[in-house]
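Going by the order they are written in, the chains are A, B, C and D; count residues from 1 in each one.
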Amino acid sequence: MGNGHGWWNFDTRGVRDAPGFFSSFEHSRRSIVYIAPSGVQKERILPEHIFVLPFPQPPSPHADRTFLRRPKQNLKESACTPLFWNAFELRNAGSCIHTHSQHAVMATLLWTGDTFTLSHQEMIKGVRIGGTGQALSYLDTLVVPIIENTPNEEDLKDSMGEAMKRYPDAAGVLVRRHGVYVWGLDWEKAKTQAECLDYLFEIGVKMKLAGLPAVIES
Amino acid sequence: MGNGHGWWNFDTRGVRDAPGFFSSFEHSRRSIVYIAPSGVQKERILPEHIFVLPFPQPPSPHADRTFLRRPKQNLKESACTPLFWNAFELRNAGSCIHTHSQHAVMATLLWTGDTFTLSHQEMIKGVRIGGTGQALSYLDTLVVPIIENTPNEEDLKDSMGEAMKRYPDAAGVLVRRHGVYVWGLDWEKAKTQAECLDYLFEIGVKMKLAGLPAVIES
Amino acid sequence: MGNGHGWWNFDTRGVRDAPGFFSSFEHSRRSIVYIAPSGVQKERILPEHIFVLPFPQPPSPHADRTFLRRPKQNLKESACTPLFWNAFELRNAGSCIHTHSQHAVMATLLWTGDTFTLSHQEMIKGVRIGGTGQALSYLDTLVVPIIENTPNEEDLKDSMGEAMKRYPDAAGVLVRRHGVYVWGLDWEKAKTQAECLDYLFEIGVKMKLAGLPAVIES
Amino acid sequence: MGNGHGWWNFDTRGVRDAPGFFSSFEHSRRSIVYIAPSGVQKERILPEHIFVLPFPQPPSPHADRTFLRRPKQNLKESACTPLFWNAFELRNAGSCIHTHSQHAVMATLLWTGDTFTLSHQEMIKGVRIGGTGQALSYLDTLVVPIIENTPNEEDLKDSMGEAMKRYPDAAGVLVRRHGVYVWGLDWEKAKTQAECLDYLFEIGVKMKLAGLPAVIES
């Protein structure tokens, strides 16, 4: 994970609100993917718990994933793996983060349509077009698609991919009653995107609950 | 406490909201129970402050508990001890955690009946049937019984036990205006259950206060 | 400050909400009082910044305080000093803590009379009669007097003293639009009282804002 | 940054709510200015990432800034630089802090006019006249001007300067939908001002949302 020190210090509101439940991964050299195990206490993960996979995955007659290394312990790779692949393949991302942030979940409950929209917040300038491009301007309206949750996390792959294609400028994908997927060119940038979006979900929820409009015309 | 390191890092919202007031214990080898002392600053507990008891307790003509070791200081074992025993005996739990989380308390105030119910939240998948069995699915409705508080904590033993028998799938028991009891096969799993349930109490309370329905039909 | 280690770890919600603004002191040997300096960053206090006073203060023809030691730096003792003295003299306390906790302040705004009252909360059992006596029972209603703020903190001495005499069972005194004074037999017990009361102010405020009654008849 | 230790421990609510997004600087010797880089994770800044500038800036035929030292990495100085200069030149400040605190942002949304006003809060006594003068009294009403945000942060320089001249007693300047600028004679005092103001924005927002008046007549 490149600079492990920074990694373990990871401390956004989104992550803190879901301690031990975020999943993340990264392939800084674009040929190797590191994936956290599923269902473990994330604050106690050690390097030997990480799954290592080749990217792209070699063609295979069956659907099994190919690994370069698996933890010796009886662990399973994060169920988010195919969703992380969306970020790698569709956005050329080098890192993807998933959280169950309550700000993200509340945003999907208060924005009942298929997008979260918010305008005129300085922090919007921290969000990048498509998650990996240029930064948005203060005059841009943030639009993050919301997809419906499915019982099996893997089944989100197609709807997440469709949302990413339909909203090519979106820096993340919200999953109703579940959380959010965010990505970036590397883990530092993915973390920054996750922090900016979580801040915007949080203040958007506060504004909505206070009866303030989330989007205003310039 | 097996891996003390992880234990002392224990840092859920529920615990943080009630600093120094949670009680917990564990018997990883199923024949020895460790119990924290009552009414002390939990962040300052040292190993020598822990009570050690045999499990099961040997038959005794009087109701006194049998100890393998008592702290040398003038301390009393947690008043939750008989309630922890419910989790050991009725659920075969290896660890039981009690918190005064304000999310749990607010849930018992906003859900005025005898259960807390919540559906369609991804985090429900982190909760195990009966606290020690298979995980719930996203389509399951979380049901946590709520019992009425009593002036003496020990007097909750019977009503907690009845609630656990009446709701054999429940992963915890809420106590109105008081807090929650949660358990697991070992302390790591009990901690995960406590974190998942606390997240669900918190978001349930937020939803209720925002006028959103806590349970929706599939 | 007896065990300085515990002291510096002091971390209640009340204190965290007012970082650098709580004042506290203690005289564990009943003849020496330690007082923090005023208007400094409390997380950066060093032992040499502490004022040391004899207790009781020797008679003096003028109103000046007598010190056993003053910091060499140009510091002033906490303006709360005469209020701490109330706790020492009227309650035989060994330690007194003052915070600007927003939970305490909000409680004084939502309880517009001259007392904060709350019943049927388990955490009430953590509060001691008069702050230094026996613990309250679950069936007791918590009553904390609220006095009006004054421009000069020292001027609260008389009204705080009157409130303590009028409510001899109260474990603390709230100051409207200001904060709370809490005490205990030693610093550990004062800290526990401060944590319990702050928890109760916080949940009381949440209940009031949610339209729930703060006191119910048994 | 004088005592770097204190600096890195910087931990107000305002900063915590905007992790990695506050900017700050200081010129304790009044001839050298240190400025943080833009768009980086503030918790990972190292001394070699800091820009060092002479103060005042030497006259220059073009608008370029003069530096005594630039980071070797490809970094850009904070976009707040000209705004920090306002605090140095108009208030003789030795340090200026900028945060995106959600309390500040919510305050600018709930106070729709051109000032945030709050009275009768003890913490007002922690705020200094003009940020660097004598402390306010409990009977003073806090007034913080609010300016409108601009797409480019640098463009706030003039309206911030005008607000500082129009409100010479104000200890900070709020920027609508953006955050706040706060200053002090040195970094410790700027931090204290930032903490006091953030506390007051937070409680002001809570009061407004609870339907309580923010300003009362004495």
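Definition applied: a residue touches a chain if its C-beta (ideal position, glycine included) is under 8 Å from a C-beta of that chain, and two chains touch if they have at least 3 such contacts.
All figures in this text were calculated on a predicted structure; none of them were measured in a lab.
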item: Where subunit B and subunit C overlap in contact partners, by chain label; value: none
item: Copies subunit A and subunit D - rotation angle from C-alpha fit, nearest 5 degrees; value: 90
item: Rounded Å distance between subunit C and subunit D, as computed from the means of their C-alpha atoms; value: 31
item: Rounded Å distance, subunit A centre to subunit C centre (Cα mean); value: 45
item: Overlap residues in subunit D, where contacts from two or more other chains coincide; value: none
item: Subunit A - residues contacting subunit D, complex; value: 6, 9, 11-13, 120-123, 126, 137-139, 188, 191-192, 195, 199, 202-203, 206-207, 210, 212
item: Subunit C residues within the subunit D interface of the complex; value: 17-21, 39, 41, 43-44, 100, 102, 105-106, 109-110, 149-151, 175, 177-179, 209
